[in-house]
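The chains carry the letters A, B and C, assigned in the order they are written, with residues numbered from 1 in each.
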């Protein structure tokens, strides 16, 4: 497995291929590096985090290569923060559950958002693990090559607990 | 690399009953499991659902389990189905120790959370109720199911919405092909909750009558619940154990529709790619497919786009197809494995499940299986599972013949 | 009517998270879906919730929304005729 690019995003530091490129939060990163995708503001926090990571990693990669790529992401908390927010909207006696919020109570929507933005049609999976079990994650990534031949895989950890505790550790790998 | 993945066991619980035999009888008699809500505590009793008939207390007694499992419906159903799968495959405890257990779920322990959430939220301090919320964790419910069945070398959870169980099966097959394990028990479990009943209701895709997949006038889903697991095994291991082979998982694929968070693209690109790639892996041509167990949720969008994808591949004549969701309800994350077990029953017993509730075609020639009792020689079955997020997966099950096995 | 249009614009900006947009940016006659603001089916469902919560209007069939949600002006017209609060 060869790593082409990697990124780490935490609340106070974003490191792309070894260089600290920003100290902004997620919204700040959007304004600094993306800026042209208003749908970003409709996403929940987990999607925003995964989306920003993918934008920075996929810069400069052409559409043809992306078409047959795969997206395989992992985390611990699933979509818990959005689950909680949605739960509140159905617990209230005078309740108006939000359809837009419900959509994001699925953690795998983050792989979908990245696929929609980049027109990626290959495998997309989302796994919930107890911790960042590198052996298991590598097994799952290696296995993808058994049954399909993606041009590259966008993979890694993307977990959002709250605005002070989040982490994306994503990379692009080839066989 | 291991080439073939055998299916040597199956277990199921759904609105159609407990176990493979009860499920088979319900399918053959044409009796739907969909009815009024009895167990779920919700004000939305206007929606028919496919509930498992047993209460949590009844399942707990059946399994002889106590706290905390006795209040975790996803776990209770999961244990019942997983135990049946292991028993039907005649696996020994020592054989499980080197096996993988993979379960798909999105709801996890949400039903329990719903019973404690308001107290926790209102009191705003740590209480006994807040302790109960830890069971919400999807991964934790998988661990509880696995621990009740045996010791495994690897336990994990897939969460790709309504294709979760299908993707658990795909992961299990990949682990076998790569030689990491010889045996994988894979599937999914999902209980009905207020959370997703309300969610699907806000998306305005629940039908207040029994659902009518592939019918011109369909208006949406009936939600269901249940669990199912299949035992996947390498050829070498199955032969060494002298295991009975229920079928071969001959092909599979996972693709992304890359169109919208919840809606499918008009020409069903993701579904088309999933079916094509799975047939490529199985080295089958479209003419080899005898039956498609469609995702067929009964929503206007799913059925139209799934049909569009099918008609792109079979532009001459569609194979026999049906959705069994009018029998079971849409069991969301468990649907991939529940329908996999239904496909294996169809392969073994030579029949095609009918498409209940259907009256008029969406397009002239798109008529699903309608006969209640039919006998067919079925060799290859496509089983589709699509999830929000554009996660589209196809499994292909093929009949096992001793001479070519 | 102008007040209702402005109120609707503000409510829509808020519930649909149209960040960076002001009421002046939205043409009351312009299409909301497709080319215009580029809203999608989930946004339409959010608008149905908005009508119920703010104006007491219940739509049970999402297909009804198609005509009503053509533009801000058409929503304002429908709300003024059907509002319960």
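Some observations on this one:
Following the convention adopted for this analysis, a contact is a pair of C-beta atoms (placed from the backbone, for glycine too) under 8 Å apart; a residue touches a chain by one contact, two chains touch by 3 or more.
Which chain is which protein? Per UniProt: B = Beta-ketoacyl-[acyl-carrier-protein] synthase family protein; C = Acyl carrier protein.
Everything numeric in this text was worked out from a predicted model, so none of it was measured.
Compared with chain C (Acyl carrier protein), the chain whose C-alpha mean position is the greatest distance off is B.
By C-beta contact pairs, the most connected chain pair is A-B. Distance from the chain A centre to the chain B centre is 26 Å, each centre being the mean of its Cα atoms. Separating the centre of chain A from that of chain C (Acyl carrier protein), both taken as means of CA atoms, is a distance of 31 Å. Each chain gets a centre from the mean of its Cα atoms; for chain B and chain C (Acyl carrier protein), those two points are 38 Å apart. For chain C (Acyl carrier protein), residues that reach two or more other chains under the stated contact definition are 42, 45, 49. Within chain A, the positions touching two or more other chains are listed as 97-99, 103.
Residue positions of chain B touching 2 or more other chains, listed in rising order: 202-204, 260-262. Across the complex, chain C (Acyl carrier protein) meets chain B through its residues 40-42, 45, 48-49, 61-62.
Across the complex, chain C (Acyl carrier protein) is touched by residues 38, 41-42, 96-100, 103 of chain A.
Against chain A, in their complex, chain C (Acyl carrier protein) makes its touches with residues 15-20, 38, 42-43, 45-46, 49, 52-53.
Taken in their complex, chain B has these residues touching chain C (Acyl carrier protein): 202-204, 260-263. Contact residues on chain B toward chain A in their complex (touch as defined above): 1, 106, 110, 113-114, 117-118, 121, 136-139, 154, 156-161, 167, 170-171, 174-175, 177-178, 180, 194-195, 198-199, 201-204, 252-262, 269-270, 273, 277, 281, 387-391.
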